[in-house]
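Following are the structures in question.
Shared between the two complexes below is subunit A, which pairs with subunit B and subunit C, respectively.
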Partner chain A sequence: MRFYEYESKALFERRGLPLGRSRLAHDADGARAAAAEIGAVVLKSQVLSGGRMKAGAVKFADTPDEAASHFETILPIEVNGQKARSVLVEEKTPIAQEYFVSVTWDGRAKKPVVLFSDMGGIDIEEVAEKHPEHVSKTHFSTILPITPRIAKEAVGAVGVTGGELNRLTPIVFELMQLFLDFDLTLAEINPLARLEDGRFIVLDGHVDMEAEARGKHKALLEELGIGEDETRQARPPTSFEIAGRKVNEADHRGVAGNVVEFDGDLGLVIGAGGGSLTLFDAVRNQGGRPANYCEIGGNPSVKKACELTKLILAKPGVEKIAVMMNVVSNTRVDIVARGVIKGCIESGRDPAEVIAIFRIPGAWEDEGFKILAKYGVEYCDRSVSMYDAAGRAVAKMGAQS
Partner chain B sequence: MPALFIDVRVADDASKDGALAKKLEEVCPVGIFVATDAGVEISEENLDECTLCDLCLEAAPKGTVQVIKRYEE
Partner chain C sequence: MTILISSETTFIVQGITGREAVNLTRENLDYGARIVGGVTPGRAGRDIYGVPVYDCVRDAVERHGPIQGSIVSVPPGFTRDAVFEALENGIEIIVIVTENIPRKEVAQMVELANLRGARIIGPNCLGIISPGEAKMGGVGGPAANTKQAYTKGNIGVMSRSGGMTTEIASTLTAAGLGQSTCVSIGGDAIVGTTYAELMPLFEADPETHAIAIYSEPGGRMEAELAEWVKANDSRLPIVAFMAGRFMDEMKGMRFGHAGTIVEGKEDTTAEKIARMEASGISVAERIEEIPELIRKRLSEAK
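== the complex of A and B ==
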């Protein structure tokens, strides 16, 4: 769940990170008053997207009237399809150097990682590619206590020394603490500026919280004014995704219907123990074009699996579906097999033709395989890896085009 | 749409037994049996949800309820 910049900064303030003076403006008069109080300011559109500067949604003002005028210009600008919620009016500061610091999750290492660079303000991927010596990656544990030493290593690894190193270390350390304390998936400051007088200040920040942690941090979210109905996704749900949610909500048994729409031609009925992400990636790595992401598990009913299958098959451009899961224990292979076959038949499609592969090993698989065999559906057991099963599905898509 | 995978049959005499009807309705986890004034009725809509738990077979006198896997026919 993404935070607006002003919310991110409210969170930073709790850990004592250095911030410039700022006010949130909801109208031109508010922007004028803020500038009158602060002085020279920068006005920044509050959207949940990057690319504000390119879109013209960040402007500098030296006078209150100029700030009011810029507010009127900035507010209607859509940035990557998003309308501004408000405008942050912040102190304009003389910058000597910009740094980048981010704490995020490294899925491969299964640990949080601090990314630090002394070349901030620009796209960090570009810096990593062209100037790798200016980017450090430092992992830390979620189990062992963290210490400022880790932060110091991260900063020192790009050659920062002396007083700068000493002043940057606590900032990076507090960001690491923040990441852990609030179950964040991203805590980023870019740029972190060193001012001409030697002080450091957070100019811009991004925070993403793990959606599942919303309940745990209810008090914080209430304090920040983030409503329970605010999903804060990168884009509004499509009609396909809304329909999927309805499929899931219509029946309490298991999970089936949590879908994300993509523009490919291979529908995916996937899930189980992290299997969804693995299988989605496998399809893409094998050259396939998924029509959707999806999560099924927890032993959904036949009806639920059937309705999900019908929804995916009704999506324009979907030629076939791949039904694949990790090894299942509580979800039953035969129940899912019944559901997807029924979904195909109720959609007027031949299961043998439309199901590119069925790879769900585990509970009641013998019964499931009997059903699949009866309907002529190609299936495989756990001796075929998820990656290879995805490859078989993709090969069938290639064979038909 | 009629059930594709499972069929459940109750012997004629047993299907008119009100007490058995209530028992079958109670034990079935997916609502296949519906107790009515006339005895037990089968909910066609729920047949394919059968989990093959055999609770109905245990609840009824031997041979009076049959669960048929249509995909084995």
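== the complex of A and C ==
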């Protein structure tokens, strides 16, 4: 879950990382007042995306009026499809050199890693490729106590020494601690600037918190004003997706309702994790137009399967649904069958007509198939592949249009 | 021969009195597993289908002697403690069923397991099965369903998805290809044991003649496997199925498992497929192509 720059900096400030003076502006007057207080400033759009500079969403202003005018220019600019929430008005500082420091997970080493470079401000992957000696990679333990020497080694590895080494070490060390303390998946400062007077300042930075750890850090999230409905993914959740999450959270048995909205006509009640990815591909490859992605699994209750079915059937444009999973181990076929049939009936639809295909083989399948047969729903067992089951559903949609 | 577990493997179930764990215990016992005990703090003295419950792993070890394995099925907030407890009581192989564990805690469990010379499978996985020999975890579900999908044979299966482990085994079984050992490695961004880390075990198992894997977007596990295959001149033909190809167009959106998100170029399915094919791994377009691709690769190898 990505934080805005101003939220990231609020977190940095709690830990004493050096920051320039700044104010968050929500309107042009706010930007003007901030510039009047601070002096020469930089205005930065607050969006959940990189590439702001390229998009023209960062501008410098020498006067309050200039700041107000830049605010109006910057705010409407979308950066990689993300809308700006506000504009950060920050002190403009004379920079001598830019550095890069980032803490993230290395899934292969299964440890956190500090990346440090004395060539900050530009794309770090490019630096790593062209000037590998200017990027250090230092792994550290999650169970042994971490001490500043790891940060010192990370900084020293690119050839930084003297007073600079000693001023950079605590900043890098603090970022490492922050990363672990708040269950972050990324804590990055880029650029970290050395000013002409020798001081260091965090110019830009951002952090990502692991979605699974949100519950552990409720107080912080509340303090930063991050609501529980904010997924902070590539786009904000739609009302359909929020409703899906409520279906899932209504009871603790199994999973049903983690939906992602698409604009097609074939509703998908699919699972489990890997099965959903496989089936979504299978529908699309055969010319199907999914109305949604979803995941069911872990033996959801009849009610949950029913509510999910109703939610999908109520979505405008949905003609039919396909109910498909991989061979299931711990989900009962009969319970899902009962849930989706109930969902169709409660939506005033005939299950035989609206369920294009039911393909869930596995535990309690005979009982499930009996119920489906009773309602005249087309079903198949494991002898029909996931791909072919998806194809059957798509073929029915074709017949209709 | 099998890898990781055998019909002799003794294990416990941590969190045994939980709803899922009770089912899992029944299913594993029915498949012939040697579950010697279960642990739920405060429930000592009870039994689950004849399996005695203890407060601590230590008490189970004191009563039954060294125990090889543990299935951990406790809520996410308690998992790290349960795994540490298993590790500090000499357990060598731990299957973590629990999902939604923050990465830091997974990393901590893996680091301690490495220090103790133990192995973790998962989290967020269905465990291990060597058909006809033993299973450890929810893989395959009830024993009768497990026997329908999984048959003894010579194909090793590794999968980031628990459900797809069974789908692939079932497809292999239908095509007359049995399995040596199937491992649901888990769908999280950090897992105890990766494809590449299982390869040396399969490589050393004379019963394994080929490998089938299920793969999805996110992470570097396929790149790691491709490198391992090249560096070690593996004798085993590998056939991979790649799901989630649609995600390449939807960067930054999370679908499915926690580890499934396209953030960088290396996370895309296109990139993974290219890497795997360059290392000699065959990539199937559909699950049902896996058996014929395996047969083709095996006949070429002869």
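By definition in this document, the second predicted complex is superposed on the first by the 235 of 401 C-alpha atoms of A that agree within 3 Å, B and C clash if a C-alpha of one lies under 4 Å from a C-alpha of the other, contacts with A are read in each partner's own complex, and residues count from 1 in each chain.
Here, a residue touches a chain if its C-beta (ideal position, glycine included) is under 8 Å from a C-beta of that chain, and two chains touch if they have at least 3 such contacts.
From a predicted model like this one, the values you see are computed outputs, not experimental measurements.
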| request: Of the two partners subunit B and subunit C, indicate the one touching more residues belonging to subunit A. | output: C
| said: On the A-aligned overlay, A:303 touches which partner chain: subunit B = first, subunit C = second, or both, or neither? | reply: first
| request: Report for A:130: first if it touches subunit B alone, second if subunit C alone, otherwise both or neither. | output: neither
| message | With both complexes overlaid on chain A, does A:374 touch subunit B (first), subunit C (second), both or neither? | response | first
| query | Which partner does A:385 contact after superposing on A: first (subunit B), second (subunit C), both, neither? | reply | second
| note | The answer for subunit C against subunit A in the complex is residues 20, 23, 76, 100-104, 106-108, 110-112, 115, 126, 138-142, 145-146, 149, 159-164, 166-167, 170-171, 174, 187, 189-190, 194, 214, 216-217, 219-221, 224, 241, 243-247, 250-260, 286-288
| query | In their shared complex, at which residues does subunit A touch subunit C? | reply | 105, 107-108, 110-112, 141-143, 180, 183, 185, 210-213, 216, 233-235, 260, 271-278, 280-282, 284, 293, 295, 297, 325-330, 361-363, 382-383, 385-388
| Residues of subunit A defined as touching subunit B within the complex | 301-303, 332, 335, 338, 341-342, 345-346, 367, 370-371, 374-375
| query | In the complex formed with subunit A, which residues of subunit B make contact? | reply | 1, 4-5, 30, 48-49, 51-52, 69, 71-72
